[in-house]
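I've put the structures underneath this note.
Presented sequentially are two complexes of chain A, the first with chain B as partner and the second with chain C.
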Partner chain A sequence: MMWWLLACSVQESEKIENIPSEEPLPDITEEVLDQGTLDPSQDTQGRVVKRMRVDQVRDSMEQITGTVWGNNNSKWDLYAQSLGVPDYQQRMTEDRSPSVMFQKFLNDAATESCAEWMEADTDMFVADATSLETSDVLSNIEHLRWLIQGHAKGGEAAILQDYTALHQSVWVRTDSTDEAWHTVCVALFTHPDFWMY
Partner chain B sequence: MKISRRRLIQSLPLLTALPASASVPSVTDRYFVFAYFGGGWDNLITFDPRDPDDFTQERVSETGIELGYEDLEVDDPLVETDIGTFGAYFGDLALHTDKLAVLRGMAMGSIAHNTARRHALTGFLPAGTSVRRSSLSTVLAAHLGSANPVPNLSIGVDCFNIDQPMWANALQAGDLDSLYSALAQGESDLSLSKRDAIETFFAKQAVRATTVKEQEIYANRLLSRELINQDLAQFFTLQSVETQTQIRKEHYGLVEERYGKSGEMAFIAAQALTNGISRCVTLDMTQSLDAHQRDRWIDDHGPDIQQGLNAVARLMEDLANTPYDATTSWLDRTTILCFSEFGRGALRNLNGGRDHSLINSMLLMGGGIRGGQIIGASSDIGMQAQAVDLHSGQLSADGEILTNNHVARTLLHSIGLEDDVGDYRAEPISALLS
Partner chain C sequence: MIICILSLVWADENWSDASLRDQNQYARSVSLDLRGRVPTKEEMLEIEASGGLSDQMLDVWLESEDFEEQVVSYHRSLFWNKLSTQVVTRRRLGRSNNIYYMPANRNRYRGNTITCGDFEAEFDEEGLLVPQVQEDGTLQEGWVYVNPYWDPENPIKMCAFGAQDTEYSASGVACNTLDGHAELDCGCGPGLQWCYSNPLRADFTDSVVQELDHRVRKMLREDLPYDEFLVQPFAQVNGPMVHYFKYIYPFDTSISPYNAVDELPDLDYTEKDTWVTISLDESAQGVFTSAAWLLRHQTNRGRANRFYGGFLCKEFIPVGGEIEGLSGTELPSPDLSRRQGCVDCHARLEPMAAYWARWGEASQQYIDPELFPSYVEDCATCMTLGTCSSYCRNNYVVEATHPDENPYLGWLKSYAFLRDVERSNADIGPSLWVHDAAEDGDLASCAAHNASEWLLGWSEQGDVRDSYANAFIETGLSFRELVRAIVRSDAYGRNQ
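What follows is the complex of A and B.
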C-alpha cells in the first residue's frame, strides 16, 4: 500500500509540473466589420451546358408552335437513330452533342413548324407584325424570344440587335414581313439559347 | 456574308489542334471501312469451324466444343478454300480469299455488348461503358486529313471523339434514308435569300463564341449547310439517275433487297468512298446477331451473317472494279475490317442457342493487308485464345494473345504511323501488313 501511495504521489507531481504556464489573454477590442471587406468571388466555373434531349426539343417546339413536325408521322421519331436517341440495344444513353445531324434536322423542324405556326396565327406577336417601326419589331422579337427561349423581356442584349438586323435584312430582300418573321422564328429555334441549357 | 467551313475551322485553333502525340502518316491515300456485325457472331459456323467427324457430340465433354451442325439447314457445314476451311455461312467471301486475312483465336476484353463493342470500335477496353480512346475511325480520319467533305461517316454505329480534332467527328446517320435527309435540303427549306440572311446572323454569333462548346455548335451548323450546298445527297438516293448510282443499285440488289440491310450499307460505303466524300466509313451491317435461343441461332444467325458477308464481297468486287488511278483500284486503297464485339460460346446453352464468348475472329481485306492467310487459331479444347507470333502469324508460346488493341495499332501502322499514337499499348501485327 505504501508503495502504491508513493507511486501515485510521484505521478501527481509530474503532472503538475507538465502544465504550461498560462499566457495572458489578449485584450478584447470592439471592432466593427464592414460588409465591403469581402472580395467578390473570382470563381467563374459553372456546370457544363448540355443539349436538350430530342424529346425535350420536340415537346418544347410542339408546345410553343402547336404543330407537329411531320404531322401525323413525327419526323423526330423517324430520325431518332440519327439524332442519337437510345434504342437500348446498341445505345443506352442519348448522344447530347450539338452534332451536325441534330442541327440539320432541328433546322428542318423549325422551318416547317414556324411556317405552320404563322399560318395558324396565335399569340405569336404582341405588336403589329406588319409594322417596320423599330419599337414594334423589338417588342415582337422580345416576345418571341420569351416564348421560345424563355428570356425575360427588356434589357439591351446585343443579340436583340442581331435579331432586328435579321428581320430587316430579310424584309429588304423579300419585301415581306411574313418572310422576315418566319426567318426570325427559325433563328430563335435553331439558336443554342433554345436547345442548350 | 459567307464564311467557309475551312475558314471557320482555321480560325478555331482549339478545335483543330492535333494531340501532342500526333505524327504524320507516310501513306495518305488510304481509306477504311469498318463493317460491324452487331450482337456477337458464331465463329464455329463461319470463320473458325471444326470437323464434325472429329468433334462429335459424344466427345463434347472431352473437347468442350459442341458444333450443332446437324441442326443447321445447310448442305455442307464446311467450306474448303485456298487458305483453309470455313463454316457454312462464310458466304461469298470464299471467292476472295486471296485478298482476305482472318484473325482467329482472338481474346475480346468483355462479354457485355456495350463494353465489348466500344472496345472493338476504339481499340481500348472502356472503363465500364465509358470509352477511354476515340474511335479508331476517328483517329484514322484525323491523321488522314480534312480534305473530304465528310472525313468520317458512320451509319448506325456510335462513334467517339475524345481527343481528336472536331472535323474528324463522325457524321452519324441511322440508315440510307436518314443520311439522304441529312444531306438534302429540307422539304420546306428557307429560300436562298433567307438562308443567306440567317447565316449572316449565325456568323455574328460564331464570332462572339467564347467557349469550345459554342465554337463546336457554330462550326457544326455551318458544316450542315455546307454539306447541303455541295449536293452530296445525290449520291445517297435510289432515285438518282446518275449512271454509277444506277449500276450500284443493281449490284447491291437494293430494289429487291437481295442482301437486306447489308446491301444498303455496302452501297453507302462504295458511294461515300469512290465519290470522294469520306475517308472512313463505319457500317452496322446486320440486325442484331444475338442468338441465345435455339430458333434464333438455327434459323437466323448464320443466314444473317452470310448476308452481311455477301454484301462485303459485293463491296470488294465493286471497289476492285473501280479504278483509283491508272494502275490501282479502290480496293487497293481501301482497308475493310469486319468485326463483331465478341464470339459465341463453344457450348450451346440450355435453350439450344449460344451465349457470349470472349474468343473471337476478325476479317481484314484490301489495301495494306496481306491477303490469303489465316493468322492464329483457337485451341481444340474449349476454343481458347492462343498466343501468336506477331511477325509470322503462327502460333507461338512466346507470342501474344491477339486483341482489339493489336488490330487498332496495326491499322495505324498500315498508314505509316509507327509510333503508338493512339496509346493502344500493343504491338502491330506485322504479319497482317503487305
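What follows is the complex of A and C.
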C-alpha cells in the first residue's frame, strides 16, 4: 500500500514537472474559407419534442394502469385550471411547460395509480414480481418500460441498470418487493420519457 | 473468432433495437397527437410485428372517434369556443331550504322580496291558492310538490305561486308569453317548463358551445371540404336547446331559435346527447354566424380580428411597429379608418368587421334587410325635421357629430363609414370572406400553418408549410388528409 501511494505521488510530481513553462500559441489567419450552415445535413426542421397535454397524460395513464386518478372524478380534470388548461376566456393556450406544479401532480397521480394498478395485478409483470433474480427483475423492468414509455424490449439502455438499482435499494430498505415495484412504476411515469414525446 | 461472431450478433441486436425503438416512438407520437393517448399494448405488438405504423393502422386512427375529439379540441382553440353569456335571467329559479321559487316575481306575488314559507300550501274548495296574510300585509304561501321537466321521476318542492300551471290568466293573457310573466296567476307552467334553474342554464349554454364542436365532427364524418365546413348553413340541436327555444325563448330573447319553433324536432330536455341536424334559412352562413361564435366574439371588430388571426394567420400591426398621432387632433374623426394613429390597423379592420354588419353586436340576432334596409331616407332627414322614430334612432345614423359622418346619415349604424365597394361585405356576410380566402389560398396556407404548429411545434419553414398547404388543396381541402400529410412527412419523423 505504501509503495503504491509512493508510486502515485512520484508519478504526479513527474507530471507536474513535465508541463512546459510556455506553450506555443496557434497562428491566427484572416483567410476566409467558406460559408455554410452549422449542420448542413438538417435541411428540414424536425418535430419539436413537447410535453403531453393534461388530457393526454390523464388518458394515457388511465389506459396503461386501468385506473382513474381520483376514482370516479379524475383529479386531472379537477386541477386542470391550476395546470394551465385553457378556458378560452382568461387563457387561450395551454401551458405545456414541465412546471413544478405539473411534476407535483404527476407524482401524486403516479403514486396513486401505480398502487391501484398493482392491486389489480393484471398485465403489470411478465416474471415473478416477488423474485429477486436479476433476470426476473430486468424482465419486469423492461416490460414496464415498454408499457409506460413505449421503449422496445431487448435493448441495453443504461437506464435499465438505474431502474434495477432503484428496485434493489428500495427492497433493501423496506424488505418489500411491492414497495420496490411501486417505486419503479412511479419513477417510470415521472421520467420525461413518459410525458415528453 | 468466437468474439468476432458474438460482436456481430450484438451489433445486429443493437441495430434492430434502435430501429424498433424509433418506430415505437414515432407511432407513440402519432397516437398521442391524433388520439390523445399512447397506443394500446395490442397496438404496440402489432406495430413491432409489422416494423412500424402501417398505413392501415393510421387509417383506423384517422377514422376513430378519438381523432375526432382531438380535432374538436384543436378547433376549440381556434374558435376560442366558450360561452358565459347570462341568459334566462327573467325565468330563473332560485332555491332556498331546498324549496324552489321565482326570484323575479317575489315582489309581484307576495308584495315583498320574501319567498314562500316552509309548509304545504293550502287551497280552497275550488282549488284556488290560499296564501297567509302577514302582519305587514304581505302574502306568503306554502309549497307544493311538482314533477319538474328536467327530472320527472323525482318531485321537488316549489313555491305555490311559481308552481301555477294555468295556460291563461284570469284576464286572458297567455302565461307562456312575456306579458304573462307579469300576471299574478301565471307561474312556471306544467312541469315548470317555462322556468330554468342555474345548472340547467349551464346545460343550455354548454349545448350552444357543443353545437360548434358537432360541426367539426360532421366535417370529419362527411369528409366535407374545409371551406364548406366553415360556411355550411345548418345547425344541430339537442334536448336542452329545443326546450329553451320552445318554452323559455318567449321570455328571454338572448339567443334566438335557429329555425321556426314549430319546425324544431321533438326532443325531451333530458336528451342532452341526442343531436338532430336542422336546415336553416339563407341568412345562416355556418360557423361564423352560429350562436357560439357570435356570442363568444361579441363585437364585429372582435369577430373579424379572430377570423383574421385564427383562420388567415395574420395580425394587425401598425406601420413601423408603433402607434403615433393619437393626440393633437381637436376633433378626431369617428371613422377609425381615417383617424390618425388608428388608420394603420383600422383601414383594414373596418371593412372586415363589415362582414358581420347584419348580425347584432353582443347578440346573435340577424338584422333582416327586409325589416332594416341598409339605407332609409326618412332616417337621414328625420333629425332636421324633428320626426325621428325609435326605429331610426336605435338602428340608423340620424345625426352627424363630425363632418365625416354627414355622408352616412340614414345608413344602418353598422354600415357607417363603409365605402361603396365595402358594402358588399356587409350585404353578403362572412361566407364571402371565407370564399375569397379559399380562392386565393390564404385559408389553406393558414390551415397548414396551424396544423404544423399543432403537430410539429413550428411553422416557420415556408417551403415545408407550403408543401402541406398544397397537399391540403390537392385533396380538396380535406382536413384529415392535411393531418396525414404532416404525420407522414420527414419533418414529423425526425425529433429535434
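Everything below uses one rule, namely that the second predicted complex is superposed on the first by the 149 of 197 C-alpha atoms of A that agree within 3 Å, B and C clash if a C-alpha of one lies under 4 Å from a C-alpha of the other, contacts with A are read in each partner's own complex, and residues count from 1 in each chain.
Please note the rule applied: a contact is a pair of C-beta atoms (placed from the backbone, for glycine too) under 8 Å apart; a residue touches a chain by one contact, two chains touch by 3 or more.
Everything numeric here is computed off the predicted structure, so don't read it as measured data.
Once the two complexes are laid over each other on the shared chain, residue contacts for A:169 go to chain B alone; chain C is not touched. Within the superposed three-chain arrangement, the count of touched residues of chain A is higher for B, of the candidates chain B and chain C. Residue contacts after overlaying the shared chain place A:99 against chain B, while chain C stays out of touching range. In the superposition on chain A, A:48 makes contact with both chain B and chain C.
Once the two complexes are overlaid on the shared chain, A:27 sits clear of chain B and of chain C alike. Once the two complexes are laid over each other on the shared chain, residue contacts for A:119 go to neither chain B nor chain C.
In the overlay built on the shared chain, the residue A:86 is in contact with chain C alone; chain B does not reach it. Once the two complexes are overlaid on chain A, the chain A residues touched by chain B in the first and by chain C in the second are 48-49, 89, 92.
Those residues of chain C that touch chain A in the complex are listed here as 13-14, 16-18, 20-21, 24-25, 27-29, 32, 36-41, 44, 48, 73, 76-77, 80-82, 84, 296, 455-458, 460-461, 464, 490-496. Listing the residues of chain A that touch chain B in their complex gives 48-49, 78-82, 84, 89-92, 95, 97-101, 103-105, 107-108, 111-112, 115, 158-159, 162-163, 165-166, 169-170, 173-174, 179, 182-183, 186-187, 190-192, 196. Those residues of chain B that touch chain A in the complex are listed here as 38, 113-114, 117, 129, 156-158, 169, 171-175, 178-179, 181-182, 186-191, 193-194, 196-198, 200-202, 204-205, 208, 213-214, 216-217, 220-221, 223-224, 227-228, 284, 288. Those residues of chain A that touch chain C in the shared complex are 42, 44-50, 52-53, 55-56, 59-60, 63-64, 86-89, 92-93, 123, 146-147, 150-152, 154-156, 197.
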